[in-house]
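Got a structure here, written out as structure tokens. Questions coming.
In this document, chain identifiers A, B, C and D correspond to the written order of the chains, with residue numbering beginning at 1 in each.
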Amino acid sequence: MAEKTLVDAVNDALHVEMERDATIMVMGEDVGRAGGVFRATAGLRDRFGADRCVDTPLAEAGILGTAVGLAMAGWRPVCEMQYESFSYPCLDQLITHVGRYRWRTGGAMEFPLTIRMPTGGGVRAPELHEDSPEAYYVHTPGVKVAIPSTPADAKGLLAAAIRDPDPVVVMEPKVLYRSPRGEVPEGEHVVPLGRARIAREGADVTLVAYGAMVHTCLEAAELLDASAEVVDIRTLKPLDEETLLGSVAKTGRAVVVQEAPRVAGFGAELVAVIAEKAILDLQGPIVRVTGYDVPFPYWSLEHEYVPTSERVAAAARKVLDY
Amino acid sequence: MAQVLPAEHDVRRIIGDGDGVADGEVEGLDDAALLDLYRAMVLLRTYDERSVVYHSQGRVGTYAIFWGHEAIQAGSALALADEDWIFPSYRESAIGLLRGMTPETVLSWWRGHPAGWWNPREFRIASITVPIATHVPHAVGYAWGARLKGESACALVYFGDGATSEGAFHEGANFAAVMRAPVVLLCNNNQWAISTPLSAQTRAEFLADKAAGYGMPGVRVDGGDVLAVYQATSEALARARAGHGPTFVEALTYRCAPHVTADDPTAYWDAQRVERERENECLGRYDRYLRRLGVLSDELAEDARDDALERMKSGIAAAEALPPPDPEVVFASAYVDPPPTLREG
Amino acid sequence: MAEKTLVDAVNDALHVEMERDATIMVMGEDVGRAGGVFRATAGLRDRFGADRCVDTPLAEAGILGTAVGLAMAGWRPVCEMQYESFSYPCLDQLITHVGRYRWRTGGAMEFPLTIRMPTGGGVRAPELHEDSPEAYYVHTPGVKVAIPSTPADAKGLLAAAIRDPDPVVVMEPKVLYRSPRGEVPEGEHVVPLGRARIAREGADVTLVAYGAMVHTCLEAAELLDASAEVVDIRTLKPLDEETLLGSVAKTGRAVVVQEAPRVAGFGAELVAVIAEKAILDLQGPIVRVTGYDVPFPYWSLEHEYVPTSERVAAAARKVLDY
Amino acid sequence: MAQVLPAEHDVRRIIGDGDGVADGEVEGLDDAALLDLYRAMVLLRTYDERSVVYHSQGRVGTYAIFWGHEAIQAGSALALADEDWIFPSYRESAIGLLRGMTPETVLSWWRGHPAGWWNPREFRIASITVPIATHVPHAVGYAWGARLKGESACALVYFGDGATSEGAFHEGANFAAVMRAPVVLLCNNNQWAISTPLSAQTRAEFLADKAAGYGMPGVRVDGGDVLAVYQATSEALARARAGHGPTFVEALTYRCAPHVTADDPTAYWDAQRVERERENECLGRYDRYLRRLGVLSDELAEDARDDALERMKSGIAAAEALPPPDPEVVFASAYVDPPPTLREG
């Protein structure tokens, strides 16, 4: 196994999958000639040709809309949205068609398309380069969503997404693109959708997160006197309730962490699942640590917005002291 | 970049007026083919008129009337090869009839019954798209994807004049040209988007003038003239199949019926203009043309009507005889591999 | 007070507010000549002229995007989205600009615009005329959201939205447009944003809902042997936590009802608020009754999807028997 | 609908080449005005070059370079009346300097500091828009709204060649024409959208050909010729103010610098072409023109440069002297009337 960055693991996955299946096609803004603004698609155009690694016009709804048609013609498009905030123009196609088209054919057709995008803050970038819009995606029927927190998962979840017969959105935490590195299996590597991961075992409190916030939780765990378990959700839909509820059953306490704005974020869904299915296991309130219901701030203030290990630890203490 | 000529502004016509304007002909269309077009139009007309009746009887739900649009639909659809795909809007809901779909299926769609679903691959007809213009990129993607696979199939996408205002139309058209997708963008310019007249939709003198902005040819055709539509579509398809990419076809007609059964147009339309347009409707024009040509007899015409009516009768009967849908259908097809909690609600 | 339908109450609010403030402008598809496909804007063009009741081109992002500019020029635009599902093309402008622009000016400018749209199912309409997309709106920072359940609230909340200095989305349950009728105060009538309503008093279990589901909960309450309180949320953001938590504190049991697809819907937020702030008050799990994570079905099956009073009552019994 | 002529295809030029092509003049621009344009270009050039240096020194974050675009920005902005509004993209981040904004403000924006915020009303300059083309409808709405209020203010919106592919551009342009909004749609056609060349962005031969599809005039202008840009913008503004609605102006230039500081264009561009284009850059061209005219002396030129450099020096010093922003700013301005739970996170 090689040590790789997360973005290199993404690139690796794309190479391996495109080699394996000639119907896979990568498309997006600047994915070809430039190899992607984060270089996630570097080398693909040289290796697989400009027809399978397509620099599209600058039009996100056009990218996703034509991908629907490409899927109907037998392709497996992997669409890159250059930044999460520039995926908003494609929400219409996503909600209106991507998540609905198979159903509309009575199950006669499949739409095995993948949408990948960098996500999240902490990278000191201009406005609208640091959002965390996963809730919009997860709430959309017919669409699955995965967010890796390690290079190995970035490769394996993307491979699973590409192979999945349903549309899958993979959001890659861009703050993790270049570090930390991690061991990544060579060749084919698939992390099945729908399986959470215990990122750290613990006994007293469960810290639940996905993406970059998993690392924040791991740091928070170190700050606590108590023993914290960290659950890395990995796939937001389908959600691995068993692992989540199992951990909460064990610890009796849960802190749910998301970087996105608080109100109606995906963290609320995690809380709702616990509150509905594990109430007897609980020894205290389920507390959320989240971004705020305001726009992601200009980057000199981003540390005031993105949940920190201190904030997570404080929430955990609150639950532990309950 | 290739030199693209400005869009044609003259409206193409083939059918004369039986008076000063002489009838033309379309090369390659023999009498049988001419009658196929006629029967297609009669079938569509019958579907439409019966549906309005069924709606008034409470037997179908809200229904999007396409009376007067039959020439556009039949003329273009019959110009296609079998392998070519059609991407309809709600206005072309019954286009499948021209490819062997039963009225039962289409009626079921308007009855909100999942028997109205079809397998797009079976008919090479995509699902009906309700939101305006969002299917334009689908057609473009399909055509582009087929070309990449070395297939010769083209795509035909229908949309209205109002649809040209949507970003989805624009992005799809641009992709089509850039990818040289073999697709025909067929704009049914019926002068209205519900209550909004074309003059409030755009300041473009001709919708076809949008084509130059995408670097594709644009043509204008009399949408009441089934032969002109047939010919313009055939030309566009020939270009597409030869690898020259998309064409924008503006087919001019006039919506002489309410937008949908639920609509009351008296508040906004000009009843006299509607009257005039109804008198000039496309099926009558084609009927008279064929009779001038000596191709259509009373008997053939009656035959076509009877056959269409028969199909509608059995269609509605079959649709009404369907058992209520299995509630399982709610869950059955959203995902190939559904989340385990799918049924939680 | 006159008995009015909900849609007439909306129409009334628009008349009264436009009369009061000459900077209010209604815009959207078919709002002028036709008076709106539901006739919510009937009469406005005649009364206030075509410049203040504008039939726009068919382009939802264009509607909301130009409304941002109109607000900068000193107008208070009230944008109609013809159906909730046709609001999806405007999500980009909403997320990217509407909720962010004031912040981007450091608070120097206000964007007092209103977006109103019919919402929800139960009306036997073709595909994409029966969605419940409120979660997308509520999750967006900088945007407030209200959903009335009565004609009086439809008038009063819309008036409040129009007068509010911030962008507000008002979603009108279209199944309630024509019935039931209700008393509606004449003239100026404002229901302040951020105040929930106890739609029915009760002691044993709290049924929480908004929009059309309030009526479903009221019906469910009748099916129960126990005494159910029904909380009509009315404003999803800002949320009236006091009324919500007060009711749960009283009954100790909560059922949260939403018509939208379950996963990451606004119901989850309601559960999360309760689970975080009222855990000691709870005598059982917080149960959700929701639509499913599938597209809204073709209308012959819509009753299988939209939560019914039976489903709500069953959930309440489950919580009561806990 | 009004007859709109097809877009002009000839590229407008005023500045000659000091050789075969003679210099022209813009009526109404006296020497003082010519020098104002010069100083504006020098100020922008200096801002840009210094910013790249500051970035390399870690003193500003990622920065969108506009080297070579100064003629487009200065030529158009100085054609405006004071009351007119400007809607910039990230590429025109420093346009405020031409209206008295300090470099400190603009530099702060790129330093991710809220001191980079300004009050749009103060400068009649909307906030910088990062997402491509989404500000086009804002400009259109503003112009439309001002016209409705009986005001004479127009709007000028900047966007790139890539932006013309976005639905937001299309919807905005269409609204502009339909509402006869007094707005100038100024497309900076620098031939690239990051790594995507114009030929992969559109098949239109000329971007200006998009104008006819909206029923508005389209003109093409040499974006390296500040006087041609000034003149074309002035004409468009005169039309707008006279109630004739929007104009699409395609200003041709070539991006001779990386897209942003973070970009490495060597992978995709043609270095020789870039070299040629750099030699022909707009400030040098204007400088030589003014000297041929006898309007610019070494002393005046040096003066302009020194003044600009001085402003930048104090600007960066002031930006760096700012205290770290108050964390309160995170919550201060999202809502006028915030939800009570705003601070919960």
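The criterion applied here is as follows: contacts are C-beta pairs under 8 Å (C-beta built on N, C-alpha and C of every residue); 3 or more make two chains touch, one makes a residue touch a chain.
Computed from a predicted structure; not experimentally measured.
More inter-chain C-beta contacts link the pair A-B than the other of A-D and A-B.
Computed centre separation for the pair chain B/chain D is 43 angstrom, with centres defined by C-alpha atoms.
Chain A and chain C have centres, each the mean of its CA atoms, that are 30 Å apart. Annotation: 36 Å between the Cα-based centres of chain A and chain D.
Each chain gets one centre point, the mean of its Cα atoms, and the points for chain A and chain B are 41 Å apart. Multi-chain contact residues of chain C (touching two or more other chains): 57, 59, 61-62, 85, 88-89, 92, 96, 99-100, 103-104, 127-128, 141-142, 237, 239, 263, 292-295. Chain contacts: chain D has residues 114, 131, 165-168, 171, 174, 178, 200-202, 329, 334, 339, 341 touching two or more partner chains. If you draw each protein chain as a dot and join the dots that touch, every dot ends up joined to every other dot. On chain C, the positions that touch chain B within their shared complex are 29-30, 32-35, 37, 55, 57-59, 61-62, 85-86, 88-89, 124-129, 262-263, 289-295, 297-302, 304-305, 307, 311.
Across the complex, chain D is touched by residues 1-4, 6, 165-171, 174, 177-178, 180, 199-205, 209-216, 245 of chain B. Chain A meets chain C in the complex at residues 61, 85, 88-89, 91-92, 95-96, 99-100, 103-104, 127-128, 133, 135-136, 138-142, 237, 239, 260-261, 263-269, 271-272, 274-277, 279, 282, 284-288, 292-295.
Contacts from chain D toward chain A in the complex involve residues 61-62, 90, 109-114, 116, 128, 130-132, 162-163, 165-168, 193-196, 200-202, 262-263, 267-268, 324-325, 327, 329-331, 334, 339, 341-345.
Across the complex, chain B meets chain A through its residues 85, 114, 117-122, 126-127, 129, 131, 134-146, 148-149, 151, 155, 167-168, 171-172, 174-175, 178-179, 329, 332-341.
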